[in-house]
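Below you'll find the structures, each written out as structure tokens.
Paired with chain B in one complex and with chain C in the other, chain A is shared by the two complexes that follow.
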Partner chain A sequence: MIPLLILSPLILLAALGAVWMARPVHAALLLALSLALNAVLYLVMGADFIGLVQFMVYVGAVAVLIVFSLLITRPGDEAEELRRRPGALLPGVACTLPVLAMVLFTVSKTAILETGNAPSISMESLGKTLFTSHAPAVLALAVLLTAVMIGAALLARGAHASGLPRSASCETKTADETGSEPPIS
Partner chain B sequence: MTPLALLLTLSSALFTLGLFAVLTRRNAILVLVGIELMLNAANINFIAFWRYGPPDPELAGPVFVLFSIAIAAAEAAVGLAIILMVFRHTRSTDLNKLDSLHG
Partner chain C sequence: MLPLAASDASLFSPEFLPRLPQRLVEMILTNLGAAESLVSIAGFLAAAGTVLAVFLSAFALLSLIERKILARAQNRIGPNRAGWFGILQPVADGIKMLTKEDIVPAKAERLLHLLAPILIVLPSILALGVIPYGREWTPLPLELGLLFFFAVGSMTELAIFIAGWASGSKFPMLGAMRAISQMVSYELPLMICALGVIMVSGTLSLPRIVECQGGFHLGFIPAWNLFTPWGLVAGLLFYICSIAEANRCPFDLPEGESEIVAGHMTEYSGFKYALFFMGEYLGLFAISGLGITLFLGGWQAPLPGLDFVPSWIWFFGKLALVIFSFLWIRATYPRVRIDQLMRFAWLCMIPMSLLTLPAAAIWHFTGRGALSWVVTVPLLAVPWIITAMIFNRRLSPATRHYHFAE
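This part shows the complex of A and B:
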């Protein structure tokens, strides 16, 4: 309980920074911090493997991918005005606060069946479950990841390489700057 | 406050923060950051119910989180590739400027 009490505010603070920071790179780095603290939370709760996967996939891959995308799509002179939509703050709060209130109300009113035992998760049992009863899902996931890999590489290669139609403005602007970029994924 | 209630509160707050980011951010990549936060909030729920809920020998919670993490990574890869493509066409990631479908 004590580690949870320490970790939860830290995760929330990092996520708040990721949401509020004006500079995109700061936001991305704070997202990485929040995801890493999340991995620590999983480790504390006894889900070791999940924590390690979270660390590898989210912090190692997704956060790095986001930072690299921010570097590539550097907006230049409009960096400072890319904060947030001015007219969206009020609707944003109006949409999010009811959601928060609803969930918190439900959590506080529901009698939660809570068992005190600490289930252990061994790599062996997780692997057995994954590759026996969930084998079709694992196969489908493999197909999905292959399709995503090919699709992302194709998209990131650019229009001229993949044979997609391009607009005239794109042609003149990007031919010299981004035309020779290596694929992102 | 029990640990389960604490974790559910944490995840609902994280989800709300992600939703707020998705609704208000102008940079398309930072909208994706908000989506990642929301997916993470859902994952915390799965692990919390597995850890503090009734015993489950089938390990449904962790297995679901594994799939969720894999699909979130795929979604981020495709999303960022699409954003890069849009950036090549318009030289901007500002969502307010991507209004060519506006009637």
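This part shows the complex of A and C:
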């Protein structure tokens, strides 16, 4: 209970920071922090496998992907854009509300386990369950990921074949023009 | 953890030598009547301290040995002024690093600039904790040790990004971009190669993976994973990937001195620079240690009848050999180009490492005997030869297009 009380405000603060930070890189790093703290929460609760996988996938892969895509795209002024077109808020709200409703509904339906009642699951039984009774889900995910990979390869190939430069070097250019600012601001 | 006994006769045997600090701390605290939780925490701290002491002194030694070996390879003498044979050179380097001015560029993000070197060293130290160094010496015997290793290791990329971005200048940013793309590309085959070992051993616990490699074929060939068809291929791929993960020559583009000064470390000086250096070497130890654990039988002796030598000596002997091979490669090969690096990763390393998975599965289900050899050797050798032929004829060296430099 005490780790939860310490960790959850930190997670919330980091997540709020990820939303409110003006510079996208700060937001991405805070998002990574909040995801890492989530992994710590899993570890504290005794779900070692989920905790480590959360760390590996979200901090090691997703956060890196986000900062990498920040690097190779040209920074635009989203806040300015939003001020000019307030209608752009609508899709965001339309996406957020159902998710929030679903989360609240699920949480209200879930029975809260008594402390000390947490099931301890060995890695072996977890693996067996995952690859026997949950095999269809795993296979479906595998097919999805393979399709995504093939799609990415095709996209990369198309860009290469049409003679476009494969590396985006526009950010060094903008940095040269403005002279002072680092590429991402 | 082994049961604690004050009258344990084996306490002072060479096999237990590396665990002596932990046991002494535990014994003293127990005799003083400390609480059990306090005793175990102090014991773990002592164990962690042992590992840190061993590898920090190994780091200091390696920084000298590397310069000596490179010097020999280039027909020079190398450092020989500080002490006999240059033995005090690491001390001199340390004093120099610590007394240097700590410079933070005006455009840098101060907090992130400070955070990056810490975040670089942290995962390497954590990863060193789960490796089984000896029969009785695994500082942190986790059930999910391998997963833990990769999970903390994945923090390095973010740390390098922070270092590159927070410096607020161009060379660090370019270096960080190179480093991240290289590490992401080579982490994939690295993990896939480790997957084969997990499949055959049936566990994620590193001490148990080492135990699975005990025994000898035909009485003298050690039953290490390296001496199986899939293990040989996976081990070689793992070796190449670990060079790339450790950012060492010929894959040291992220800090290519002749192109981008020192990559993400350009804007660091003094102690922070030393931390980067330390993180790199500790990471090298960790990834070599993992490779030894997965493919070279960990602490297992290489020949029967050599069990009287403490097992951790075998581990560190293998570690020394692997590190020496890294140094030899650094002294021999020129740096690759970024397009060659990426091409090699995606067109050769990943397909070949994926192929080791079915080979490992077939090896496991055909009884690991003569039949397994007959089936898996052609399965791996034919694609290997074809890939090598394609790479030699058509793909390498690729023509380079200059888009912005006509």
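Worth a mention:
As a working rule, the second predicted complex is superposed on the first by the 111 of 185 C-alpha atoms of A that agree within 3 Å, B and C clash if a C-alpha of one lies under 4 Å from a C-alpha of the other, contacts with A are read in each partner's own complex, and residues count from 1 in each chain.
Convention: contacts are C-beta pairs under 8 Å (C-beta built on N, C-alpha and C of every residue); 3 or more make two chains touch, one makes a residue touch a chain.
Remember, predicted model here, so these are calculated numbers, not experimental data.
Within the superposed three-chain model, A:Ile150 lies out of touch with both chain B and chain C [touch as defined at top]. By the touch criterion defined above, A:Ala135 lies against neither chain B nor chain C after alignment on the C-alpha atoms of chain A.
Contacts of A:Cys95 after superposition on the shared chain: chain B is touched, whereas chain C is not.
Once chain A of one complex is fitted onto chain A of the other, the partner contacts of A:Val64 are limited to chain C, with no touch recorded for chain B. With both structures placed on the common chain, the touch criterion links A:Ile6 to neither chain B nor chain C. By the touch criterion defined above, A:Leu29 lies against chain C but remains apart from chain B after alignment on the C-alpha atoms of chain A. Of the two partner chains placed by the overlay, chain B and chain C both lie in contact with A:Val53.
When the shared chain is aligned, chain B comes close enough to touch A:Met45, but chain C does not. Common to the chain B and chain C interfaces on chain A are residues 49, 53, 61, 72, 169, 184. Residues 1, 4-5, 8, 11-12, 15-16, 18-19, 24, 27-28, 31, 34-35, 38, 41-42, 45-47, 49-50, 53-54, 57-58, 61-62, 65-66, 69-70, 72-73, 75, 78, 82-85, 88-89, 91-93, 95-97, 99-100, 103-104, 107-108, 112-115, 117-119, 121, 125-126, 129-130, 133-134, 137, 141, 144-145, 148-149, 151-153, 155-156, 158-159, 166-167, 169-170, 173-174, 178, 184-185 of chain A touch chain B in their complex. Of all residues in chain A, only 25, 29, 32, 39, 48-49, 52-53, 55-56, 59-61, 63-64, 67-68, 71-72, 122-123, 165, 169, 172, 175, 182-184 touch chain C in the complex they form.
Touching chain A in their complex are the following residues of chain B: 2-10, 12-21, 23-27, 29-30, 32-34, 36-37, 40, 43-44, 47-48, 50-56, 58-59, 62-63, 65-67, 69-74, 76-78, 80-85, 87-89, 91-96. On the chain C side of its complex with chain A, the touching residues are 107, 112, 142-144, 147-148, 150-155, 157-158, 161-162, 165, 168-170, 173, 177, 180-181, 184, 204, 403-404.
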